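Structures follow.
The same subunit A turns up in both complexes below, where it pairs with subunit B and then with subunit C.
Our next item is the complex of A and B:
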């Protein structure tokens, strides 16, 4: 026990230096945790994907559409339980900065395919009966203060004009990690208007969401489905919902990779700082260590003393840093910047990584000073001045 | 009397390891800071270089990008008859009616598709983009299923070599040439004959119309005419501004992230510098007392230690900046959320960034070294001599 007490007293002998080093450690662990959370937030959408759902899109790219009659043909493919429509709307609510995803969906069965969204049956019915009805996620409703019955105008970018929607339902996520920042409304509403204004653009669908009977046969069903439309004008590409979501992230992969790389750079920076602190500390205490050795303590003991002090410093710094990561992430999630991500939460993996990084920093920073202190000759050490 | 500079310099040299570690930490911070500024400058250069100031892009009202827009053949013909549009030597209006689609291609070493802009244009469209030059192969023939690919598409994507074919819209499109558009956004595009593309996609509407102004100052007149004509329902923008606007979100994202990172990192580096300087002061107490006893005044001591800290940061800063210059060889390709397509851009080092980075470095050194320097300057001669 006296060993730990000695280490502890040693750390705080130079109060200012200990405080500064700790502060640097806290900042580094905090920054690392934050950046890892940002990276995690990019992938958040894909973790909520269901194993039995697939997404069918135009093989050319996501920006190309498919004719609506594909739905019936998809339904006839063996192994398919249900098909629904989802169409990216890309409208603007008041100002461009108020970004949230909007989808025109098949009001009859969209929510059947997504049991992850919990919507009271009465609200679902109200939504289905109102052609201009819309269902929004809880977080989105809270952000803009929308209540049931409110009318929300959205200006179209892909679909010209200003569209009025009535909020008929607000859904909650089944799990905490379920995204609830989406805005859903009737595909038919948009389609009927298009038929009047731009008939050639009507009856086109962005993606079909397909539910299969047997999740283990997803790959076979996808192949059979795509074969159905081979050599047609709009060939399809079907993949699991997770693969579809990951495809989005792959497009911005360079940025995600850069953030990830930078999060490790901050650890290297802190390693330099801690190593420097420990090197200076050990150098100043060489005469002390020589005294300890003269008293009969082994070089091993001296090395452990330096090593233990570094580790203790890192552990304290990491603990404080991790503690602050949670309120920081919660704060960002509420800010406008957090609106870009469906979920912004510190994951367990992040905390584990934070701890691991702190330990690695401690070990590497301690190596050189520990060896030097252990090896110091008693005579030299006693002669040494600060 | 000033403390000689050699004293300051030799002190840093005497503690090589500590100096290297502290300067190394600062160097990394400076590297990240410079990298972010360079990336933003690179993006800006790409986007500004894409558009020409005298070209006007017209897209449907309410649309923000060419992909979202659509205008009929009738509308396009109306634009042809507008006044103040330049005409070429044969008297043909300098207007390019273009069709833009996104196709999915695989980045080298990736098994997922990324969106690439495929632009259908006519020979006039090429005339309006003088910066684009064929560097390998030849131009596509009008009326055929041939395409040419931008330099970045050729270098960064699979299946984009001359002689290979891109398969979309039920046809094989043979790549016959590679063009270089001087690091503009066009380098991330595939170009083909507009009529062929529209036929293949069964399209009847163009995505955008690009027109050259007869003289640069006529923009307002043309924009107003287009605005007032209810048959058109179009919006016009100078091409340069149009492309600049398209990368605004990405640019904001990069600078926001960069500023935040620089702030956090620099705090760490400043603490590192402060620790080093405090220790330097503490271990040289006797020396400081001697200096004071020799007649050096408090301000001189303060300046000496502050100079030491500034020098320390400058070493780190120059090292960071040196390594950052190598980034210029890298081109990255990522998704531009606004256009939903890939955009390649590089790191560009400008004199302004060099100055900004060095100022940033010196500020770090100043803040980190100030308190320790004050501590050194405030020491009493007798106490400090006794402490040694």
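Our next item is the complex of A and C:
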């Protein structure tokens, strides 16, 4: 008890120095936690992927489409339970900064394949009956204040013109990690307009979402499905939903790696700052450590004083940093930047990493000053003027 | 005091040598010192700066090691003790009084005096009782909650004296105990040391430059260039 009292009193002896070091620690732990959350957000979509769903796309690239009649041929492949379609729309709502993913989907069965989206049956029916109907995720609706019955204009970029949609349903996520920032509407609505304005672009599909009967047979079914379109005009590439989403992440892997690297650089920098602070502190107190040793306290006790002080400083800094990470992540999740990620939430793993980093910083930063203080010769220490 | 204790001096210094190595040169600090200090003695170690008096005090206190010779305290050759054993030995046998008090600034007077007792097996209640008694002895019962920066130099030195005697050590080593004090405070501290020597039988070894302070001692020992002039 006395030991901890001494440590605690020593920490706040040089108040300004302690406050600045704590501030640096808080910022470092906060930045580390935030950047790790960003990295985690990149992978969040894939973690919520279904084991029985597959994605079929054009083998050339995602930007190339496939004819809609593929749907019937896919359905005929052995082991497939259901097929639906999804087209990236990429429109602008009022301003370019209002980014959220928009998809033209098969209104008849899209939500059957996504039991992860909870949509009241009456709203689903209203959506299916309205050619301009749209279903939006809860977070998206909350972000823009949309209510059922609202008309939302979206300026097309890939599909020219301004498209008016009626909000007929708002879905919730089954799990907390389920993304609810998407905007879904009828493929037919877009396709019929295209038939009039740009017939060559009509009846084309970006991806087919395929549900299989037996999740353990996903690889075999994917192989059989792609074989079906071998040597055709648009060969296909089928992969599990998780692999498809990880493929997206792979495109930005360098960025993710850079973010991850920066988060650890922050920790190395704070380690140097804390080590420097503790070295200065220990040097100033050599005379006190020598006095303690003269009174009969062991070098181990002196080392533990320095060690304990460093660790307590890091623990306090980490605790405050971790506490602030949650509101920061929540703020980002609500901001337009949060729309880029299905979920943006501080995970348990991130908190554990923050704690671990703070402890590692404390341990490494304390080693040199603790050893120096423990080894100080009493006669030299007593002569020292701090 | 038992018969065995009476048989030999409390401090027996025999052909003690201390030198430092600077580069490849050996600098002698103490040369062939032989000195006995009896139990209950109060001696003043005097000499000009660099004469080796503080080094001799440090050796007797067990915070430095000699280069040669032997140093027996109460019959035990402390030069042969390991660092750990020496720390334990200091905790139970030596009370330190420094020129600049060397109190822990983050601890109040009570906590500073309690510090050496943490190395004993005394309970919290026993420690409290002993600290209060000791602070009473030095006349600081009403300053127990005060931090060093809230006390005058004389009061701080009295706290340091209380810390030195709270474990009831055999020897008090004082390095210029009045060197940082005004005349009145210095006089009070010297009176206190005399009292500890005469009434409590503490053996006191004091290094001082000050002839007036040295008069408080029963005996003076002069050192010059690392050699004992008299004693």
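Going forward, the second predicted complex is superposed on the first by the 386 of 386 C-alpha atoms of A that agree within 3 Å, B and C clash if a C-alpha of one lies under 4 Å from a C-alpha of the other, contacts with A are read in each partner's own complex, and residues count from 1 in each chain.
Note that a residue touches a chain if its C-beta (ideal position, glycine included) is under 8 Å from a C-beta of that chain, and two chains touch if they have at least 3 such contacts.
Being a predicted model, the structure only gives us computed values, none of them experimental.
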item	value
Which of subunit B and subunit C A:10 touches, first, second, both or neither	second
First, second, both or neither for A:20, with subunit B first and subunit C second	first
Touched partner set for A:295, first subunit B, second subunit C, both or neither	second
Contacts of A:246 with subunit B and subunit C, given as first, second, both or neither	first
Parts of subunit A lying in touch with subunit C, wherever the complex brings them together	2, 6, 9-10, 13, 287-288, 291-299, 377-379, 382
Subunit B to subunit A touching residues, read off their complex	17-18, 21-22, 24-25, 28-29, 32, 60-64, 67-68, 70, 101-104, 110, 112-115, 168-170, 201-202, 204-205, 253, 256-257, 261, 264-265, 267-269, 271-272, 274-276, 278-279, 282-283, 332-335, 337, 340, 342
Complex interface listing, subunit A residues touching subunit B	16-17, 20-21, 23-24, 27-28, 30-31, 59-64, 90, 155-158, 160-161, 198, 200-201, 231-233, 235, 237, 246-247, 250-255, 259, 262, 265-266, 268-270, 272-273, 275-277, 279-280, 284, 337, 386
Residue ranges of subunit C touching subunit A (in the complex, touch as defined)	58, 61, 63-64, 83-84, 87-88, 90-92, 96, 98, 102, 104-107, 111, 114-116, 118-119, 163
